[in-house]
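Should a chain be cited, it is by its letter among A, B, C and D, assigned in written order, with residues numbered from 1 in that chain.
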Amino acid sequence: MDKLHVSIVGGSGYTGSELLRLLVNHPHIEIDQVTSRQDDGKNITEIFPFLPKKIKNKFVHPDNVSFEQSDLIFFATPNGIAMNFAEMLVSKGKRLIDLAADFRIKNIPLWEQWYGMKHACPKLVETAVYGLSELKKNEIKDAKIIANPGCYPTAIQLALYPLLNKKIINEQTIIIDAKSGISGAGKKNDDNLLMAEAYDNFNAYSVQGHRHEPEIEENLKEITNTKDIKALFVPHLIPMVRGIYATIYVDLNKDLSEDELDSIYSQAYDQSIFVHFMGVNKIPKTKMVRGSNQCRISCFNRDKKLIILSTIDNLVKGAAGQAIQNLNIMFNFQEEAGLNYIPLNP
Amino acid sequence: MDKLHVSIVGGSGYTGSELLRLLVNHPHIEIDQVTSRQDDGKNITEIFPFLPKKIKNKFVHPDNVSFEQSDLIFFATPNGIAMNFAEMLVSKGKRLIDLAADFRIKNIPLWEQWYGMKHACPKLVETAVYGLSELKKNEIKDAKIIANPGCYPTAIQLALYPLLNKKIINEQTIIIDAKSGISGAGKKNDDNLLMAEAYDNFNAYSVQGHRHEPEIEENLKEITNTKDIKALFVPHLIPMVRGIYATIYVDLNKDLSEDELDSIYSQAYDQSIFVHFMGVNKIPKTKMVRGSNQCRISCFNRDKKLIILSTIDNLVKGAAGQAIQNLNIMFNFQEEAGLNYIPLNP
Amino acid sequence: MDKLHVSIVGGSGYTGSELLRLLVNHPHIEIDQVTSRQDDGKNITEIFPFLPKKIKNKFVHPDNVSFEQSDLIFFATPNGIAMNFAEMLVSKGKRLIDLAADFRIKNIPLWEQWYGMKHACPKLVETAVYGLSELKKNEIKDAKIIANPGCYPTAIQLALYPLLNKKIINEQTIIIDAKSGISGAGKKNDDNLLMAEAYDNFNAYSVQGHRHEPEIEENLKEITNTKDIKALFVPHLIPMVRGIYATIYVDLNKDLSEDELDSIYSQAYDQSIFVHFMGVNKIPKTKMVRGSNQCRISCFNRDKKLIILSTIDNLVKGAAGQAIQNLNIMFNFQEEAGLNYIPLNP
Amino acid sequence: MDKLHVSIVGGSGYTGSELLRLLVNHPHIEIDQVTSRQDDGKNITEIFPFLPKKIKNKFVHPDNVSFEQSDLIFFATPNGIAMNFAEMLVSKGKRLIDLAADFRIKNIPLWEQWYGMKHACPKLVETAVYGLSELKKNEIKDAKIIANPGCYPTAIQLALYPLLNKKIINEQTIIIDAKSGISGAGKKNDDNLLMAEAYDNFNAYSVQGHRHEPEIEENLKEITNTKDIKALFVPHLIPMVRGIYATIYVDLNKDLSEDELDSIYSQAYDQSIFVHFMGVNKIPKTKMVRGSNQCRISCFNRDKKLIILSTIDNLVKGAAGQAIQNLNIMFNFQEEAGLNYIPLNP
């Protein structure tokens, strides 16, 4: 079989390098173009010496790049970039996976309010598919544009979906206390991201409101066909690099036995390769998924207050891994192609 | 002025060594006896080489110790030890600060249920004072026995007290998502406490119920004169050593302006040396209090859902520091004597 | 092709779980028996929830295990175990890879002095092959017993071999300042391995002498056909989990240009899949190899004092990964089968 | 006694904030001016919320600052700043402690070569005193300008001084393998200092040569009256924030007993409050000195190859603490004034 040619726009950040880490071992992929403004012309392995010598590509300046040979283009760019190239690329028959936020919210005024810019292609947003792989598989198959979900929203929606879908929780009183390793903030100049600041420290941030809150609410409503969802979301920074951990507090509409809870989650994810419900009263840990495309979920019932725990690696299932999972669905590859990494433990 | 003679039972754990770290520089204290079963006869500075050479004491076996010369005895022991010595010591006119849980809960059956043992001196529990320094100052002054609060309960009660005291929140819907550095678990043989396991990892624990939950509820009720309080408490382990961070979700009974919130907390803590309300919409970080007896609190109002953030160093304000603060109050020393450490930053 | 049946004795430690992590994806391997005294009868995935559900094996008690179906047995046990089973297993035609030290040193009195026990099968030690894969490939092919090298010795010998082999350094004045992540110490009850102790700390250990020093000297002599080698070895503990970093100081017999140095290392490792000489004056980092079977080497020439830097993941190339590489060589599989993990970065 | 008025130029970096942390509790000091270009006009406690509310100072722009009221000025600036202000300040009778490198090397061409700039006041360099407190006490007393030593040089020179002073080691074959926490690199925009890069990683740097090498050689020669010293120095980055650890390899001129070694170091440091020789064959750890002005030293004799271990906190004894120790000596205060912090442990 001919290999699929894929390109990456924005290859020098953490989602870019994670795409490269995973694509290198993908059996059906050939890496075509990888852009980088700052590392233009350099060997990828010079900039990322952890990658194997067999990668021969050089970074290309985004102004000089051509995607003629590419079947699919990943955007591992900041928000507001992919939307400027989408129309041109789609018109040429290319398919597109945006790992940033440009296509994640259908409500354009809401998006513009949270992201502080005018959207460049509102029409295309309508056609884009929200790439939460397990819950949107059929639409992903034929999508031209995939809006790859945010890291927090992935862990959180996978945890809440089975409950909201069954209409067994109060959809107005959801509280999400979420925690992330620091790679979720990207590779940028910000004193708070310095080792000397972030090591041996823990704190909340964006408590007044975070862009992932409207993304979670809008997509969960759509996926679970719920009229209104209100989810209070507070993120925190963990002094480590990879990992999302969501502790979610919801009110059960009626009491449920362990077996009932188990069955609700099992039905939802028993066919899933990557999402694993550990059982009621089990403790997921970020280390159980580190470096892998796995999601681990469990729940605890305390007097009709249900506590759901969900963990993923933000750079894999929360970004590059899910993007490749979506690609696999789009091109009819095995869903785990290139994604069979076992978590690194200890 | 003659120095106060204090002894420490259980000097080789983390609260014991932290008491030593702080007492060494206390202007009015002389360290009398320090017990250790395993390090009997050894120089304290051999076991804790971070302590200064001027400490000449040797560890004494608990079976051979005499407290004749001691004015006050700290118990930095596991739960269930102090209660066996309390009557004897009190009868000899000694005063006592228990850093474990033996005297923290007045409701004896409740205590026995959570701690899985029979209480040895229920009568003395009645007379013991819960040593949350800022909120029980008058009772602490004359106490014979101080029940030094748990680390989580200290951070959490200081955060909730002003609101509950003013009756402005729903006392039935409190959700506490708390996080702790690993020293809170003590120095013991448990695979989960190994560096190889705990580093680069994050997880919840005791989600089905933690002993600090009844402690928080009982004492907050008493301190704020509230009939009933229900606080759902979920602790997590942060991959670092020191620090408690509590993110608390409560429902406001009516909407409050920033000024009103500011004024509620300011009234409560403006006279406090150690508890500092940072203001509405400010972000406390564990590093702002590391190694110090400080507590930093802030809050965010999101549509009548109030999010309160509170942080302390679990070994200082959450254990040894608050114990010394209580001693200072009991003996009429300056409240900050021995406690003027500035947090270690970065 | 029929799959090779392999068993693991001592499956619950870090080298055991790492063997499992890597073998799960090995295309030619079926895991037969995995022993554990403490977890006898439990599902492997219950004890190691990071492993995928497809592993159906249960732990077997070492007293009840049978290796009838096994072609090869890994010993991921403490020192002094494998030597008691070797004769019996070899006599039944089994092949054996010992990840502990029982077969690493040919000089039995020297071994007995360092390891403080009598050797159970000195005769078999003679026939065992020291499994430094790149440097002993031919002997490994036919070996019945592989002495899998220690983690430090692997990083250090790969770094020194090309120089000693070419007789261009003084073999009497080698100084090795080595550093290791804490997983190298194994999973055991030792206060020094607790997170609260080891986090945010750095120190040397075993400065008076470490068992890896005679291993390095003896095997380097044999491999490079050098009469005498003296290598002063001082290990340190890095506050992280995985990674060996060796900084080696040697005296060049004559000055060498960058090109000459480059050529010496290139000749040695250009055919190697896993050992990669980065070039003169390049900086390897432990993160470049984390989770992978890679070794990264570089050197700096400062006035005939050559500084060599070498890094591996102690659990992969320093233990389980090299063991599987040896298995691949023994059974004529592709050398990288099951070992094509890209390092986890960041 | 009237308080001494001190100012800080460059108050927003790590040495600046560490000076503030320590000076706040100094009994004889009043903080006068603290400059910051970027935080001009802001409250110091807004920028450094870990500092106590009692600090009322605001940052002042360096262009607007006046030191009329200051007795002593600390320069916690990048290299090349203090030298431009030294003449003016000295001429006004001010005393000066430069925590950067401007006055550390007397050999001006050597300095200019390593620091890549022209020196602004070579004459003043001659009169400046190298502030290695324990070894230059008499000269420090009357100094107008103190060149506060670098962090590595402090740990290393304190370790080597007693041996070089007694002429018992080969001064030409010194090898220094040194390791530092990341705060030693300062607070600046550099990808290598990001948490996502530096956490869970270890590597050497500046292997081709580091500015601290000539500083060590020149000052050790002067202090120990040695004609020539050659010290090969290789620094490494530890994944933590604070702490220097030097492992030093030297050749003894003749064999020495433990008692002789002990006596050599004891003679050197028995009167010292901060430098503590732990004894032969003891293991210092960075955590034994963290947050304090302490230095811990030990040594191991292996066949006339002596291994010396030395550890300090780079921000305290390696920077701000030693600067204050020097101030205490200059103004005849108790040497430990403001410096009696016990190391933070665990």
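Please note the rule applied: contacts are C-beta pairs under 8 Å (C-beta built on N, C-alpha and C of every residue); 3 or more make two chains touch, one makes a residue touch a chain.
The chain lineup, named per UniProt: A, B, C, D = N-acetyl-gamma-glutamyl-phosphate reductase.
Here the structure is a predicted model, which means the values were calculated and not measured.
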item: Lowest number of touching-chain links that must be crossed from subunit B to subunit D; value: 1
item: Chain located farthest away, centre of subunit C as origin (C-alpha); value: B
item: C-D against B-C, pair bridged by the larger set of C-beta contacts; value: C-D
item: Centre distance in Å when subunit C and subunit D are each reduced to the mean of their C-alpha atoms; value: 40
item: Intercentroid distance (Cα basis), subunit C paired with subunit A, Å; value: 36
item: Rounded Å distance, subunit B centre to subunit C centre (Cα mean); value: 46
item: Per-residue multi-chain contacts in subunit A, two or more chains; value: 14, 183, 196-197, 199-200, 239-242, 285, 287, 290, 346
item: Footprint of subunit D on subunit A - complex, ascending; value: 14, 182-183, 187, 189, 191, 193-200, 239-241
item: Subunit C to subunit A touching residues, read off their complex; value: 14, 17, 21-22, 24-25, 48-53, 183, 199-200, 241-242, 276, 278, 285, 287-291, 296, 340-346
item: Subunit B contact footprint on subunit A (complex, rising order); value: 175, 177, 179, 181, 196-197, 199-205, 207-209, 232, 234, 236, 238-243, 245, 247, 249, 281, 283-287, 290, 300, 302, 305, 307, 309, 311, 346
